[in-house]
Amino acid sequence: MLSIVVEHIFLLVIVTLISVLQNAFFATKVEREGKEHNNKTAFERVSCANRNCMDSYPTFLAVMWCAGLCLNQAPAAFAGIIYLVARQKYFVGYMGQTSQSTPGYLFGKRVLAFLILMCIVGIFNFLLLRYFSSDYKDTLEMITNAASALLLIP
Amino acid sequence: MLSIVVEHIFLLVIVTLISVLQNAFFATKVEREGKEHNNKTAFERVSCANRNCMDSYPTFLAVMWCAGLCLNQAPAAFAGIIYLVARQKYFVGYMGQTSQSTPGYLFGKRVLAFLILMCIVGIFNFLLLRYFSSDYKDTLEMITNAASALLLIP
Amino acid sequence: MLSIVVEHIFLLVIVTLISVLQNAFFATKVEREGKEHNNKTAFERVSCANRNCMDSYPTFLAVMWCAGLCLNQAPAAFAGIIYLVARQKYFVGYMGQTSQSTPGYLFGKRVLAFLILMCIVGIFNFLLLRYFSSDYKDTLEMITNAASALLLIP
């Protein structure tokens, strides 16, 4: 039974693993800065960047998995990868301001909006299929696959 | 294959989406307060309320999905909606005290306890079904559906 | 349909429930310390320990569920239990330092690395099965079951 399930989620699992490794990278950075006690502001900055990333991490995971399960895993995993790249840029470029107005933060918003849209489209498609027996899944998957490429535009 | 899965989780996905939109609303509030630098305590309050909500968010998601998968999605999603309403009340009514003794916090506890109970009942039912081949699922679903209405009592 | 799913995840659900109860225990500790206003440093310590535990909680959940879904739930749930014991030790033994160098933190790292390895092995196995039709799942499950016992070594 499980191999059927794995077939539909393995890309999501891979993205989740990459995000976990990225979390570990962030945590190592924070730990290393915490041990060098001569630089207080640098630790504050890294710690704040890490907290901002961690705060939105459950939201990102939930939205990516919902989008992947409801519609199709390929565009969801692709959007997830882009989110991770944006998060990396955000973490590296974080300059210690409390106002989160770096480009990375805005980029993350767009990816999350795309994933939320995928969820909504997937659920609407399911409801259409259930009550009107009209299935647009193939069309929708093609459209989302094409639309996910638009995320690459900076 | 996936449409069978979606049929059993689409209510949970909808609640998750609403919770994500609520998270975005909270984050926007914090960002807006952070930009107005003339009011320091208001930012502290909003930021603390946001952190309290975010800290319990993965717990809530995990419990809701487990309850929905183990027993039935309808009462789990209903309890999730009530939790989100309680969280909204908590966020709005948060007055900056570090002790979390607002009514909203207590309300959240009750909903989580109900969801944990649903998980336990669902697993017990599965184990009964497996080892004694006695299935009480229909009765249990009826009872949990009725019991979830009790969460509306303030 | 759902009882088939529950059969493959019920151990993971049980571990998730235990972790939620542990979270509730941590939150109660923080709340109790917050109400006793005469001891400021104790509250700081407990609050910091709680935040460190909560920060890594979504990561742990994501990795455990992925490992359980991709390969086998029994070793994943076992590793999860060990992680929870390590977290408990970490929380109790946390002495207020910001550098997270207690034994508990290192222990958690090893469990997470084991779970990540399980995910990778599971996905490789799935890809082998798909493209080369060679299934090593039984062998892998036996190896991971044996390997999970190694986590008990302190």
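Note that the chains take the letters A, B and C in the order they are written out, and that residue 1 is the start of every chain.
Please note the rule applied: a contact is a pair of C-beta atoms (placed from the backbone, for glycine too) under 8 Å apart; a residue touches a chain by one contact, two chains touch by 3 or more.
Keep in mind that what you see is a predicted model, and the values were worked out from it rather than measured.
Enquirer: I need the rotation angle between the copies chain B and chain C from a CA superposition, between 0 and 180°, in steps of 5.
Expert: Nearest-5 rotation angle for the superposition: 120 degrees.
Enquirer: Counting shared numbers against all numbers at the contact of chain A and chain C, is it over half, same, or under half, different?
Expert: different
Enquirer: Using the average of all C-alpha atoms in each chain as its centre, how far is it in Å between chain A and chain C?
Expert: Once rounded, the distance between the two centres reads 21 Å.
Enquirer: Hey, what residues on chain A touch two or more of the other chains?
Expert: Residues 58.
Enquirer: State the interface residues of chain B toward chain C in the complex, per the touch definition above.
Expert: So the residues of chain B in touch with chain C come to 4, 8, 55-56, 58-59, 62-63, 66, 69-70, 98-100, 112, 116, 119-120, 122-123, 126-127, 129-130, 137.
Enquirer: Could you please specify the touching residues of chain B with respect to chain A in the complex?
Expert: 1-3, 5-7, 9-10, 13-14, 16-17, 19-21, 23-24, 27, 31, 34-35, 51, 54, 57-58, 61
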